[in-house]
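In the two complexes below, chain A is the common chain; its partner is chain B in one and chain C in the other.
The block that comes next holds the complex of A and B.
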């Protein structure tokens, strides 16, 4: 039974991942990527990582919804009404990725993988929590700082006109320098 | 189900993502390729935890780190797209490269 589930999810993940770059519509490509992530979440659950599987499913669903919004905002062809072809050096990238796959596949089947060390814990989620709050605390703190830095950087990059644009470099201007002045004219 | 099969799937997802990241022109599609590559890393880390070292939480921690890497990649990707689109109405890498000349 688990074998059947594995094959279904694995084929779904790979096939929908491939279809991301075959669909002519951006919206369909986003949905295909979401299907690939959902299958990956299912595979994690199959491996006994229930918590992480659900985290992947929930997070990727939200991420793809946001991605779809940005697609419609930026892309020239969100609905796929006109076929799009936005490739460069298709043949070269295909050759490189096939070479990488063959290399990785050879390594997978030739490497002497170690035997399974230890038994699975009764509750993998508990194991993860204890690790993150214990020996892996440094990892968690670093990831937290990375997320914080990403938030600040994203806001800085996405800001159109910040207060330094409006009030001068030393914020000394009395009234804001806006293209369309607001306020009540005092 | 075996470690090799999971790793083969991970390698496949990684290669598909690599193809997308290399061949696509649109910045958003390149980000999709990168996400697929990270998706492969997630599968591999989960399989390593299950088949090689279930007694240690290291495999699970790698999955957490990869999920956070995906979130950061997407936030920064969209922020950079927003900035470059606002500055010069461009959402393709080749056009952005032309601007540098």
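The block that comes next holds the complex of A and C.
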């Protein structure tokens, strides 16, 4: 039963990942990528990592929908009315991706995996988190702050109207001068 | 104490959810009849069933050059998400799935509507329906984070993502008493992910129905049923999260679960007619400037209470 679920999800993940590059519509390509991620989330649940699997489903659904909005907005031919591909240099990109797939796949079979010592832990997600982050918690927290600061900085740099546009040159305006009034009556 | 029901009970969940949904839709039809001045009678109560039958046998509309694959997939997703979300809701002393991350599962299934409605709006190759789909994404950005913090608050109170544990932690005091902000924000989130009431913006009448604009026959039935299934699943989840689950004196647990779910549904159905539809950009600012700080403070308060008392009071 577990084997059947594994193969169905694994083939679905790989096939829909491949379809991302076959579809000529940006909407379909994005949804194909989402299906690939959902299948991967299912595989994580199958591994006993319930929390990670469900969070992958949750986050990837939101991310892919937002990505779809940007794909459609920025691609030249969003609806696929004229064929448009997600790749350049078809032969080269195909060769590289097949080579990488074979390399990673071979790695799975050739790597000397350690034998399990002891029984399966009660909560594998907790164990995985400790193994990944436990000794490097300071690094991870610092990294989190750096990433967050980068996001805020990117938004500040990209925003069209800064606070001087909204509140005047000496920031003395009491209510912001916005083209579209917001919901809290500022 | 909530125990696991046998595996076949997963098949019972859709049936129970459908019965409660039918109750909600019937109540809504009766309220609509009263507002319109029509007699509030059995004929009005049967209205939704008649309409469902009509849609079931009605012809499906097709548009010029639709993206049929995404369109159908999106229409299906709304109803499927509602049913899947309900799998983790304990009813009385039983739950179909006692999964350890039930709260996250509920959240993830409700988020599937984002993809579903966007696809349903996009696939029809129609401006009004596409704008409706985009409206839901904009609304999603507004409602999702406050809703997540509300869910996290309940999980923090019980120190567990397992819905059964959350029910167990409310033996002495229901979470609604010391997490009122999270409860209200959660109910707003329920309206939002079922795009009903003040959050009917993606299917607004100003857009000739928005995502519903090009839908007829069984397609329309799937989405209309889906949003009511989501509303009912949301009301059902409010009971174990904030209202103590099947906890109550004298009567058996399943009766209390039924009464509480019906009470939450009644409030949602009644209030939905009293509130105007909110524009997503207006709600976005309210959500990010007011609701997110409020819900973070609520989660902090819950965490401090749990830390001080060593558990839920």
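The rule is simple: the second predicted complex is superposed on the first by the 134 of 186 C-alpha atoms of A that agree within 3 Å, B and C clash if a C-alpha of one lies under 4 Å from a C-alpha of the other, contacts with A are read in each partner's own complex, and residues count from 1 in each chain.
In the analysis below, a residue touches a chain if its C-beta (ideal position, glycine included) is under 8 Å from a C-beta of that chain, and two chains touch if they have at least 3 such contacts.
Since this is a predicted model, take the numbers as computed values, not measurements.
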Chain A residues touched by each partner, larger count belonging to chain B or chain C: B
Which of chain B and chain C A:27 touches, first, second, both or neither: second
First (chain B), second (chain C), both or neither touched by A:50: second
Which of chain B and chain C A:12 touches, first, second, both or neither: neither
Touched partner set for A:36, first chain B, second chain C, both or neither: first
Chain B/chain C common contact set on chain A: 55, 66
Residue ranges of chain B touching chain A (in the complex, touch as defined): 1, 3-9, 11-20, 22-26, 28-29, 31-33, 35-36, 39, 42-43, 46-47, 49-58, 60-61, 63-65, 67-68, 70-72, 74-76, 78-83, 85-86, 91-92, 94
Interfacial residue positions of chain A with respect to chain B in the complex: 2-3, 6, 10, 13-14, 17-18, 20-21, 26, 29-30, 33, 36-37, 40, 43-44, 46-49, 52, 55-56, 59-60, 63, 66-67, 70-71, 74-76, 86-90, 92-94, 96-98, 100-101, 104-105, 108-109, 113-114, 116-121, 124, 127-128, 130-132, 136, 139, 143, 146-147, 150-151, 153-158, 160
Interface residues, chain C side, partner chain A - complex: 67, 69-70, 73, 99-101, 104-105, 107-108, 111-112, 114-115, 118-119, 122, 125, 134, 137, 140-141, 144, 161, 278, 281-286, 289-290
Chain C-facing residues of chain A, complex: 25, 27-28, 31, 34, 50-51, 54-55, 57-58, 61-62, 64-66, 68-69, 79, 123, 180, 182-184, 186
